Structure formats: C-alpha cells, structure tokens
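Across the two complexes that follow, chain A remains constant while its partner is chain B and subsequently chain C.
Then we have the complex of A and B:
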C-alpha cells in the first residue's frame, strides 16, 4: 500500500475529519466560556472580591491561575494557549475544590460513564437489529404488531422517567430493589481491584443505568431495522439469491442482514451523542458517579473550569465514538472504503 | 400578476395536501388517537387554566392525599392540589414544544434549501455546521448554557433548542432539493422566469411537506424531553410552572422515596408520557403516509 493510497483511504480521511471536529470543539468550548454574556471569569473575580474581601488584583490572579489563562493577553494568544494547554491535558483547575486539576476529576469519573454507555449502546444496537429483522420477516403478524406498539410506547417515555419509574415501583412501592444501596459506581466497602467481588459489585451498580439506556433506545433500532430490512427484501438481488436456490439462512444473514444494517449507521452518530448526553439525567436519577453526574454538580456549584473541561471531554468522547462507528461502517460496506471519498 | 396567481395556486396545493393528510389520519386508528390526544392537551393548555383555579397555598393538614372529588389527583407535600398544578403546567410545556417545532422547521427548511440550491461555499459552511452540531452532545450543552445564560422565558429556551435541532431537517431538505433540482418541472419553472424563492417555495417544498410535518412532530417531542429534563434537574427555574418542575420538587424533597407520594409523582409522569405518545402516534402515521412500503404487508 503506497503513501497516496493510505492518504486517500477512508479510515485516514475520516480520522482527519475527526481531528478537525475535535479542534472545532476545543474552539467552541473556549469561546463558550470566554465570550458569554456575564463572562464566568469576571463573575468569579467579582465573587472572590465580595466573599473574601480580596483586592481586585489578588482575586484576578487567583482566577487566572485556576482558569490557566491570562486576560491581559490578546484574545488570539489566549486561544492558542488554551489549545496548547488542552493538547497537554491541562484543562485548568477546579474553582470549588480549589487546586484539583480538572483532568484528574475527569479521569476519576469518565471511565464509569464510558463503561455504562458503551455497554448499553452495544447491547441495544445488536439486540435491536436482531429483533428488527425478526419483525420484518413476520411483518403484519401478531409478534410484529405487539412489538411495534410496545416499542412505540417505550420510545415515547423520556429515558430519565424510565429510571424514575424503576425507583418508584421496584424501589419504593414493591420494595424489590434497594436503590439507595446502589448509589455510586461501586460500594464504599468493596476494595477496587480485579476481584470477583468488585466486578460483581460494579455490575450491580451499573445494571439499572444500563437497563434504562437499553430500554429507551432499543425500540428505535428495532423499528429502523425493520423498515430497512423490508426495503432490502424488496431488492432484486434478494430475489436473484432465492432464484439461485441459496439456503435461506445465508440469504438472511449475508444478503439481507448485512445490507439492511448499513442505513442504521447514519443514525449511530446521533444515538451516541444522545446516550452520552442523556448520562447527565440518568446518572442523576440513579446517583451513579459518572461524568454526567459530576458535570451536573459542577453546574450547580458554578465550577466553570470543571464544566468547561467535562463538556469538552464528553464532546471529544462522542467524536471518537463516531470515528469508531465510521470505521465499522467502512469494514461492513466495501463501497465506502474503495470509493475513498 | 403571474406570481400572485402561482402563490394562490400554491396555497391551494398546501391545503389539498393537508386535506389528504387528514383523510389518512382519520382512516388510521392510531393516528386518530394521537390526534385526539394532542387536541385534549391543547384544550387543557388553553381553556384549562381559565377553568381550574391556580393551585393556591395548600392546607398543611392535607398532604399526600389520595384522589378524591375535591382533589382529582390528590395533593402534594404542601397539600396543594396536584390536578391544578398539572393543568397550569400545560401551557409552558406546549408552548416550548410547538414553538421549538416551528422555529426548527423554519431554520431547517431555510438553511437546507439554501445549501441545496446555492451549493458552493454556502453549502459547505451550512453542512459543516450541521455535522458539527450533530456531534455535540446536546443535553450537556443545554445544561452548561443554563449556568451561563438565565432562561427567563419559554421563547428563549425554544430559540436555544431550535438552534441546535435544525441539522437533521436541513440535511433532508437539502438532499431533496438536490434530487429535484434537475427535474423537468423545476427546469420549466426556471425557463418561465420564476425567481429562486418562488421555485423553492412553490415548486419544491410542497413535494416534501409530509417529511417536514414528520420532522415538526419529532422536534416537538425532543423539545418536550429536553425542557422537562432541564426542569427536572432544576436548571431552568424561571421558565414558569411545568411538569418537570413538579418532578424536581418531588426529587429535591425526597418525595420519591415516600410510598404515599405515588399520585403526586405519577401525575406529571403520565402527563409527559401521554403527550409524547400523542405526538408519536401522530408522527408514525405521517411516516406511513410517507413510506408506502410500510403499508404493504407480507
């Protein structure tokens, strides 16, 4: 494979696109904090002066140290420095828990969200596809009717309300699940480590957040897959495969399934962002200590540096997840890879 | 003169399209149910607050009452009537839903048409922005913005929701416009000396009306989700009484973990889910109109 063919390859081009998007995201978060009405840095300086009677200069110095920014420099230099800092993993320091680097906070909370969200996405996507295909093959039948109705109703319920319903019914009314014991990402008395006890404990805590994500997204995958499969079944190549007498199983998996999945990948991008974004709500409902809950806490405390950092990291995570989805898409659909667009 | 006539003809085409849609709705049971549900909510949001008195300070001796004649949905932690709170929470929820749906449609159609018709730099910029907005996790963005901007009324919230909801529609409108650009009827209109604006809005948009209608529904559904979610987290305290705020109070005060609060908690939940189901049933029917293959069984 020559240099030009690598440069033209689908995976490379998508990678460049992802990197460009990350830069746009960094720019966006920089201006989000710097150019908003009631600039948070000024607000924070004013608060410091009011609360602790600091002089303007002292308050300003402290604020600038926490934001890792120098307001006296021209905006473009501040911007370049911000990018430089972000690339070096310096997202400033927390305002509320003074001095804690934002990146450290993120490192503690992000893995739990990535774990629950990606597990949920994989389960929901693959199960949804299977169910959707079954529904397509039996369209108009009893199973199809019942599932379509169920999924329609399920997708009408906002995800955090599904979580609240679990707590209200399973937790409070029927007393089947002790939800207050399941707060956090794991129990405080279990030593973190690669032990069976810890893994089981983690799974227990993650179970309801994951279940909630899956329940609220599986319906749209199934319904999308159903209509995509129906469309594929009407294609000539399926008819030809049948005419050639290929075994039905092979037609279902290699001819129908593989082609019907493709349109779903365009929805994956939106779904990844939606699930990741929904973690703010779901983690708040179950008090699951992931990045969404931490973001919310930062917002309540007006901890601007933490807010800015977490928002940026969530966005980058979504961009990366999209890139992975793009690669998978390329693997499944040779036309995309060879086209080298 | 010619333009006046074509505009009038266009209006008639839009009206005929609506009549067609209405016919299919009536013939489809689920769609009819969705339609009726939406009408009921609209009545509750418009006439309701005039008929049902505002939930005044409650009686502290009547907290968490089960439903009765006096309190159809029971009372809350302060003894306030839950039903009255639901009714008075409706206008805000509906306004955000419809206003966001409307604004999103406006922005999406305009930008999509512009990108598709003009092409070139306009297209690159609009679609680039659309792609970027689609990758930003929206709910965290709203949450962060709520800390930076004070949302004093529902229209501000709607503008914000619409400003990040338009990309999907714009993409669809663009691709439709691109595919129609070279068709005969558009060529004919161009030869007759129609302006770009007239070609887009009298010749092209009517063809994708069903899609725009479906998109309106889904944007409204998303707007309900986002606003109720934000209100539940207590991030938009000033937009007025709404169902999300009821859930927020129940959560903050720990009512969720009290068995007797079931009526108080379930009322806003059922109100939200009911409205979502109404919109969804209605939207699905529009999808059936849209995709004939879904109608053909076996």
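Then we have the complex of A and C:
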C-alpha cells in the first residue's frame, strides 16, 4: 500500500469518527429537550397561555412551529424529521425574537467568536512554543526561573478575572481605555465592509478579548513546550545530529522543535473546546457580540431553541477542530499516519 | 611505533561529570594511540568510561561534563590538531567528515519525522555545501548495498518502518557517507538479537575490507572484540588497564582484571568453569585509594592499596597498569 493511500485512509477513518460524534451530539440534543420533565416546549406553551391568554391549542401550534416539531407524531418520526431539518440547516426559530431562524442568529454571532478565538489560539500557541523552547535551552537560568513563575501564576488565574482587571484598572481607575466604546464587535457608526477603517475598528474591539485569551493560555503552552523540549533534547537522534556536524539552527528547528511540538497538538485540540466555553465569560465581560454572549442572553431569556442551536453548533465546531488537529498530527508525525487509528 | 602512522593520540585525558553527590571521575588519566587502518577494541564493563571517552573525542559531552586536562591529538589532516581545545564551531568540521560515531542508540538515532534519504542528504549538505542530491543518493545506495540492505526501500522509509538491525546498518552506511578517516562504533551489536548481531559483524568485516577505515570498536562483549579487532584496550573504572595485540590479550592476558574478564566468558567446548570476578566495580565518585581494582584483585599487594600504578610499556606494543609488572 502506498503512503498516500495510507494517509487517505487515516483521514477517512478520522472523518468517520468525527461524523459519528456529531451524530451522537445531535441525538443527545434532541432527546434532552424532549425527555426532560417539564420540557421547554411544555414550559413555553404554559408561558404563552399565561401571558397572552391563548388557548392551549393555539399556544401549542405556535410553540411547535417555533421548535419545528409536531408533538403529535411518534418520537421516531420526530427524531428523523429533526435530523432532516438539522442536515438542512434548519435549527428552528427563536422563541424570544419571534420568527428569527436560529441558524441566522448563529451566522451573525459565530464568526466573531471564531475570529477572536482562533486568532488568540494561533498567537498564544506559536508565541508559547517559541518562549517554551527558549526556556528549555536556558533551563535553570534567570530567564527560565522568572518566566516559569510568571506563567504558573498567569495560567492559574481564571480568564474572566483577567478581563475584569483590565476593565477595572485600564478603564475605570486610570481611564486609559474607553471600554464602553469598545462594546460589540465593531462600532455602530462604521459601515461594515472591506475598508481600512472597518478593519481597524474590528481589531480595536477584538483586542482586549484576544489579549485576555492569550494571557491566560500562553503560560501552559510555554510550560508544556519547555518540558517537551527538554525531553527531546535528551533523545539519541539529537545527539547523533550533533555528531553528524549538522548546523545548530537545523538541529534546533528540524530535530528538537519539530519533535517537541508533536505532543502539544493533542492539547491544542482539547483547548479549542475550552476556549469556546470560556468565550461565554470573556464576551460578557467585554460585551463582545460573539456566540458566547448570545448564548448567555438566550439562557437569561429562556430562549430554548437558540440555546439548543448554539450548543449544537459549538459541539460541531469543537469536533471539527479536533478533526483538523488529528489530520495535522497525522501530517506532522509519520508514525501516526501508518497507525490508521 | 612511527609517529606518521598515528591518526589519534589521546594523552593524559581526565573527564568528570558533576552529580549531586560529587564529581564522577568517568575518564581517568587515559592515554591511548590509534593507528591508521587498524581496528582497536575498547573493552570494559558498563560504566567503565568507554562511551564517555568516545563522546569526549567528538566533543559531544553533556553540559554537566568537563574535560579537566589532557589532549586529543588528531593527525588526519596532516598536522596535529588538539580536538579537546577546539571551539564548538571548529569541531563541527571534524564531526562525521573526519570522525564518525555510530552508537548503541541506533534504535533511536534517526529523526522520527524524516525519511532516511533526507538524513543522507542533509549530512552531505552540512559538510559539502550545495551538493547534487541525486549524487548523494547514488552514493547512499552503494553504501546501503554494502551493509546488505535494499537501498531504495530503506531510503524511502521513515525510521520506524525499519527494524533495529536495519537501523543499525543504515547508521553504518550513513557513517561511511563522507568517508571519515576514523569511525567510532559504540556497542554496535548490543540491543540486537543474535541473527542481527551476526549480520552487523559481517557488515563490519565488509567495511574493514573495502575501505580500510580506522575503527574504534567499543564493546563489553569479548567475543566481538576477538572477531574484529587488531588491538584491544581494556578499561576499568575510567582507566586503561591493559593494551596489546588481540592475540596477546586473549592468549596471554597480563592484568589480573583482563584475566578475570576472560575467565568470565563461557566456552562451548571443553570443561572450563565460568568464574566471575568477586565484588563489583567501584563507585566513580568515591574511588578506593591506590589501584581502583585492588579490592577485587587476588594478587593485591600493600603497594596496590597506596599507589595507583601507571600504564607502562612492558613489551613493545604491550602496556599494562599493574604493580605486578612494574619494577620501580
């Protein structure tokens, strides 16, 4: 079997696993909503009847239309219809902002979160790796000691605390940054478009959320990379590369760096999920209009259809990110590629 | 022996490691000459300083090790160069181009994310600058054939796709790529099964015949030394105890430690009893006074407990560090 076909089968197998996971997530979402005692649909029907004096039948019809569900059908048929709808991008309609499709809400808010989260992850991962390697090469030195302590403390502070500290000190105490002007993903007076003004405005608004993510995650990358680099430096192939008279630069990048980074990719996949979860807090601290903030709003308003949709999308996003990390790992490490698992 | 035949001359070399408990005296006052075209066996138990000696020659010691004194004169380029005094930048030109090292870690000697062929290409590039990759691969194929491997399959492979024995032989081929004048083989057969060991030995014999490269063969296995080497140096507790021609060492061992080693080797024929040397090697941080071997030596005298015997030439080409042979 040629290497390309092995690679293809690895990607294929990982892909099958990702699809199965998404399917399980969709199934869970479906049954959670329906099998909970006092399920959101019943609660909503009761609310409608109480608030606007609708008859049970009217309230039920309205609720079912919003949830895209027919409760009179057998469960298996509802399930199949739900799957069918999800596959067509139909996640129902918002209960609170009546009639707005959930998918449209997600399409408005998700890109901003993906933008900030992925930018932050790229910055913190690459910077953390560089710093970690420097620390490993100078282990035991002053720089290493200072950075190890700093990073240990930084990664122990919850990210929303860091965000709050920014607002309290930079915004309120010293009045250096007008945080109230930086609410939302961009200023209302700037016309969205591919203009320099808009791009700068977007970056301004995203700056502090991104900085907060980076500050709170960079420490663990640097410390992980440091220990991984130290382990790799002790490997025989590094000693032999030096015995072969290879230039130090080449050994550092192709031998030490390239191999030390491999175990970090597993953590990269895991951290994507964590950051999505963290976005709920960070975005509400900075009032950044991303999916996290919208989810929080939906929870406050008991907007079940929106919650359900966002949960599903976040789950799919995390599974997708894991899948991409898996493929990357396979490309970077030939030993995994052949494993086929 | 005439000086122009020398390729490497180690003089009064002392190397220590810093450990928590104190200084580990890994190489103690070692003087050793290696002549062009010969295979020198460096034999000793694990922990006797063989590998440290090899790493010192290439200046590959870990950061907690230090060359305290001594010189390593290399004659390969016509004039004497003291390798011990070269900077990290200068020694790089000698590594692999002049002196290659194939060590026991062959299992893990190749970069796991790189194909074997790229190891050959980058090694050539590091020393010769811009090279024609096809030329390098052509040369690599020849060498891989010499070590009894399928060249194209091996070159295409990633390290994990080769067996331990194959990796060891690939490493030998890689060691020959730049035609070094000296190859140091550190335990080339340990960690391999008997069949693979046999193939390696055959390969080494091929190399010896084809290239007449000078080799230092580090091993704890006396039978391998007997099969391949011209001369043998016996090392114990960081010190050279005895040096001599391979026949002399095996048929007429002088140092009590060498005799003990030979008695500890089982034989297939005859009724010889296998005897081990009583006691165990000394702690290299806290060595006994006098000769390091005296606590285990059946011939130990009063003097052995006080003074460390120097390595002296008792017959032409025969060196022993033992008071039994030193009349002074």
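In this section, the second predicted complex is superposed on the first by the 333 of 341 C-alpha atoms of A that agree within 3 Å, B and C clash if a C-alpha of one lies under 4 Å from a C-alpha of the other, contacts with A are read in each partner's own complex, and residues count from 1 in each chain.
Here is the rule we go by: a contact is a pair of C-beta atoms (placed from the backbone, for glycine too) under 8 Å apart; a residue touches a chain by one contact, two chains touch by 3 or more.
No experiment lies behind these values; they were computed from the predicted model shown.
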Inset, instruction - Label the relationship between chain B and chain C on chain A in the superposed model as either fit or clash. - result: fit
Inset, instruction - Would you check which partner chain A:243 touches, where first means chain B only, second means chain C only, and both and neither mean what they say? - result: second
Inset, instruction - Classify the contacts of A:255 with the two partner chains as first (chain B alone), second (chain C alone), both, or neither. - result: second
Legend entry - Touching partner for A:276 - first (chain B), second (chain C), both, neither: first
Inset, instruction - Pick one for A:130: touches chain B only (first), chain C only (second), both, or neither. - result: neither
Legend entry - chain A residues touched by each partner, larger count belonging to chain B or chain C: B
Inset, instruction - Could you tell me if A:333 is touching chain B, chain C, both of them or neither one (first, second, both, neither)? - result: second
Inset, instruction - Could you grab the smallest C-alpha gap between chain B and chain C in the overlay, to the nearest Å? - result: 6
Inset, instruction - Flag every residue of chain C that touches chain A in the complex, lowest number first. - result: 58, 60, 92-97, 100-101, 103, 105, 107-114, 122-123, 126-127, 158, 160-161, 171, 174
Inset, instruction - Provide the residue numbers of chain B that touch chain A in the complex, in ascending order. - result: 131-132, 134-141, 143-144, 146-149, 168, 221, 224-225, 228-229, 232-233, 235, 247, 256-259, 262, 265-266, 269, 272-273, 276-277, 279-281, 284, 291, 293-294, 297-298
Legend entry - Residue ranges of chain A touching chain B (in the complex, touch as defined): 21, 24-25, 28, 32-33, 36-38, 40, 139-140, 152-153, 155-158, 160-161, 164-165, 167-168, 171-173, 180, 227, 230-231, 234, 269-270, 273-274, 276-278, 280-281, 284, 292, 295-296, 299, 302, 304, 307-308, 310-311, 314-315, 318-319, 322
Legend entry - Complex interface listing, chain A residues touching chain C: 235-237, 239-247, 250, 254-255, 258-259, 262, 332-335, 338
